[in-house]
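In order of appearance the chains are A, B, C, D, E and F, and numbering begins at 1 in each one.
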Amino acid sequence: MDTDLILQNVLTPPVLFFFLGTIAVVLRSDLEIPAPLPKLFSFYLLLAIGFKGGLELQDSGFGPQVIQTVGAAICMSLILPIICFFILRVKLDVFNSAAIAAAYGSISAVTFITAESFLENLNIHFDGFMVAALALMESPAIIVGLLLVKFAAPETRANSKRIRWRSILHEAMLNGSVYLLIGSLFIGFLTAAHNPSGVEKMQPFTGKLFYGAECFFLLDMGIVAAKRMPKLLKAGSFLIAFAIAMPLFNAFIGVMVAKMLALGPGNALLFVVLCASASYIAVPAAMRMTVPEAKSSYYISTALGLTFPFNIVFGIPVYMGMVNKFIPMMS
Amino acid sequence: MKRLDLIFSDRELDSMLKALDDGGAPGYTVIKHVTGKGPQGAVSEDMEFTDLGANAHVIVFCDEEILNKLRENVRPILNYYGGVGFVSEASPI
Amino acid sequence: MDTDLILQNVLTPPVLFFFLGTIAVVLRSDLEIPAPLPKLFSFYLLLAIGFKGGLELQDSGFGPQVIQTVGAAICMSLILPIICFFILRVKLDVFNSAAIAAAYGSISAVTFITAESFLENLNIHFDGFMVAALALMESPAIIVGLLLVKFAAPETRANSKRIRWRSILHEAMLNGSVYLLIGSLFIGFLTAAHNPSGVEKMQPFTGKLFYGAECFFLLDMGIVAAKRMPKLLKAGSFLIAFAIAMPLFNAFIGVMVAKMLALGPGNALLFVVLCASASYIAVPAAMRMTVPEAKSSYYISTALGLTFPFNIVFGIPVYMGMVNKFIPMMS
Amino acid sequence: MDTDLILQNVLTPPVLFFFLGTIAVVLRSDLEIPAPLPKLFSFYLLLAIGFKGGLELQDSGFGPQVIQTVGAAICMSLILPIICFFILRVKLDVFNSAAIAAAYGSISAVTFITAESFLENLNIHFDGFMVAALALMESPAIIVGLLLVKFAAPETRANSKRIRWRSILHEAMLNGSVYLLIGSLFIGFLTAAHNPSGVEKMQPFTGKLFYGAECFFLLDMGIVAAKRMPKLLKAGSFLIAFAIAMPLFNAFIGVMVAKMLALGPGNALLFVVLCASASYIAVPAAMRMTVPEAKSSYYISTALGLTFPFNIVFGIPVYMGMVNKFIPMMS
Amino acid sequence: MKRLDLIFSDRELDSMLKALDDGGAPGYTVIKHVTGKGPQGAVSEDMEFTDLGANAHVIVFCDEEILNKLRENVRPILNYYGGVGFVSEASPI
Amino acid sequence: MKRLDLIFSDRELDSMLKALDDGGAPGYTVIKHVTGKGPQGAVSEDMEFTDLGANAHVIVFCDEEILNKLRENVRPILNYYGGVGFVSEASPI
């Protein structure tokens, strides 16, 4: 049954365009999406999911399920990096372990978006408030990562490397992408409440265009991820294994928590995807600044070069299979 | 007169420019979206969509005394975050 | 009643995205829309309002009201800079006064667009020919600005600074943005007459997408305006007061003229907004070239750093209030 | 009757925007579409026509007419460059002749797109499989061009200039634009077969937006072509005559072949346009690399500076006239 | 051989390149979308969407005699509109 | 220490960077989307949408011995495809 879901996932335009990008690199085609076009699509997608999430949050209100789910999501982004850290410490030093752990505690918005498209394709319902979970899971993992460095780093760490909490918190909360996502969520929320005609007029931009823009962006992500993969291979088999096993493990924990929260299958999948995905946006930027001892090629290449493609292609349908298995249908 | 070329991650651009202003640079030119390779590995255009950005290349033409002040201000940034700086001779047109 | 209108204006997506951009700068988020993406949105908006204006101009034809209104608009762009000039001369030299005066005689297309969205939101009718007024008001103020320099500048002005009228007229009329707007107006006009199916096929691009693209562009404008504001503060309280009082004064004159022209409330508001807004596109480019003695930070920062945000947030609803008060409803 | 068709062609938004770009250059307006925005539109158009072509190819299947037409198209791209070569040899050396010949054997996707819009405007049916012909005609002419160099070049050609077939084939088949077009065709084909809801969700992006994006891109093409024209004038009257006569001649051959293939008028026009148009994308890139003796300003300026505008404005309607004359209507 | 670096508003790019061509420059390299700060204030990427644009950085490698001709052609433009120029030594590879 | 400036079509960027890496360059900086004019004619931003692209400007700071190795690796590429290279003096900050 999972193979069926995988096939259904793979034969959708977003995933096919992702492959098109990957294959371009493998065949050494000179196809490339020049900067800053990827940024345009990235901003567009964040703005659009934020706005749509805000609209639906206005509809659903802040009922107990919303609060519980978002709260649980934040907890996950605090707990998962700690687990990751101890697994990584088996082979890596404190700095690299903490930086990678932070990436895996945080989330990937594009993976989330692809999971939403997957659900829409299967006509499975999910709620807009999950976007709030997405937005709020980006930053906490950064803080945990830095606390891990603070408490586990060798005493000899140079004073110049002392953690400047203010600038870190700033970096974590006010990173451009996180800020745009949260801001658009607010705007969607306010617009839904006060200006219904504004909602309607945004719809062609934020709604109709979304799927195509997602395809275009995944084409670029395919190129970028495929270019990253060789760097991961150089990093050795431990990190390769980690980049696949860790998402599966995090997903499993995610499924259990989703079951406890009594989420429907759609919300459950999104919750699991948040747990299983790893950040290559806000986290690397913060880690580079605060843990310069960690190799950026490690934390970026694991998250972007392997975990991301794995999730897009196999992860999402596999997690759906897990959700279907562990969470009894009711809708 | 001297020419100073600084190349570093554009995330440090603001603090670098502040360091130059504080050091009394009479002006500077900034080229963004620059890529390259150095002791800390390669920086590619691909990653510009993440908020890691690319490199910035900053050029300063200034007198020797000012250069010495700039050197002091600039070195800690390059030491902490990486990046390189080179000096050569120049004269105003 | 005005506070009601202000609130209704502020709670629409375009204005909320403008705030989002402003707040990003205030909080020092690293959100920025890299060049040339703002140019993409700017060109798109000019192309789309030009095209739509052309369509409607074809519908309405060149009746007496169209001719009168457009003629009055051009007159305003000739008279207002002279008034501004004498007010500015109180504190500033001839060069700066003339350059700033030219900016305030000219218009801001984005302010106009935001006013159109405001009207649509309130379901108030306006006519496409107002876009023609917009297009034709951009350049004349530049000529007036230069005439002011010519006649008021000290005799000692270097010969090398003699006004080269040919290149100025060229700059004023053939500035890329002005040219694109006028060209798109023509194309809309011709298409509506000869190719109705072309009109329909343009609609998803120029019509449906417009509101979202406007939001995205205003996000950037929020960032840009907020970065400009500190420069205005440095320029001193006279210019700060000018940047708010002058639009109000120009708006008042605009309302009176609109009343004389017997414009409906929608067209009246757009007319007033044209009078009250200031240019930061064609005019600065022309002034930099021909009045290098003027400080560009003055004329850009007043127009972009204060008058623009003021108009977007407060001006438009306040002017609507003025229109409602002085022009008796009839529609 | 042809003048009627020409007028009908000229008064559509895409062609009018093309003129707007051209006139901007003539009047020396500073309007320019900064890089990489033209690339964005170029990629978008390739992705969209590829995807739509793939959908329709899924519908039509690979019947004998599809195979025959696509086969004939490939043959044209092998034969036409040889004819061009011998004509060019009258005045030019082997290297320049071969490079220009390759350009004219290959195709221009934007000309094809404009022809599709022209047909849609006249409500004349055409088939999606023609996009497959477009995609497959891009590369073979490159190979022919190089074979011409190989067999006709003076014995004295330096060894260092020996043709490295592997990298050439790579360049020809895996050029970014060709790759994106063919890839999108595949994706459209697969999506239509396996994911009908994906097709529907792509529609606003690849379908509705297309016409507007085409206009924007043609605005840029107008600028680029007009800037190229002076370079062509410098190249002399032989190349000027060639750039207009050759497309007409190739079109005539195209009409005859289309008649033999019993194509309907829509498909026939597209077939003719493929024959008559010349490449300024994949071919110049390949020629620069493999025939450095040829002047790039020759092969780019003829294809882009004259043949392209000629086809867009006059060629397409003239070819339609030829099709109507030589191919008896039946639909 | 000499290297000439010119930095100025890209609105003057066409006239500057004409001045270089007229002066007999054997070639030049143009970097657009450059920002910076100089005697006339700061130029930032933000303003590129207005038609004021950013700076252009033009590099010319040429012989000393040509440089003298270029100097003459280039100075009036820099004097009128602002912008800076610097010369240094270079040799062909 | 030496500074090497290479300017050539960005279609050759990959092979040029490989040549530099092979020659032992300690690092390099790449500016893409550069235009200009040289013996082989003008390269303009207009043509970037075709796959011909624009120029790339590559800067290498390195020691004299390495420069000699780079020279050897780089020359064949410049000779075949066009492009220019210039050397000047520099010293680390």
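Here, a residue touches a chain if its C-beta (ideal position, glycine included) is under 8 Å from a C-beta of that chain, and two chains touch if they have at least 3 such contacts.
This structure is a prediction, so every number in the text was calculated from the model and none was measured.
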item	value
Lowest number of touching-chain links that must be crossed from subunit E to subunit F	1
Centroid comparison with subunit D (C-alpha atoms), farthest chain	B
Separation of mean Cα positions, subunit F and subunit D [Å, integer]	33
Distance from the mean Cα position of subunit D to that of subunit A, given in whole angstrom	41
Approximate Å spacing (C-alpha centroids) for the pair subunit B, subunit D	45
Touching two or more other chains - residue numbers and ranges from subunit D	30, 32, 34-36, 39-40, 175-177, 204, 208-209
Set of subunit F residues in contact with two or more other chains	11, 31, 33, 45, 51, 88-89
Residue ranges of subunit C in contact with subunit A within the complex	8, 11-13, 16-17, 20, 23-24, 27-37, 40, 120-121, 204, 208-209, 211-213, 215-216, 219
Touching residues (chain side subunit A, partner subunit C) in the complex	35-36, 39-40, 43-44, 47, 51, 170, 174-177, 179-180, 183-184, 186-187, 190-191, 194-195, 197-198, 201-202, 204-206, 208-209
Footprint of subunit F on subunit E - complex, ascending	1, 3, 17, 21, 26-33, 59, 61, 88-93
Subunit B-touching residues of subunit E, taken from the complex the two chains share	4-7, 31, 33-39, 45, 55, 57, 71, 74-75, 78, 84-89
Of subunit E, residues touching subunit C in the complex	9, 11, 33, 40-41, 44-52, 54, 80-82
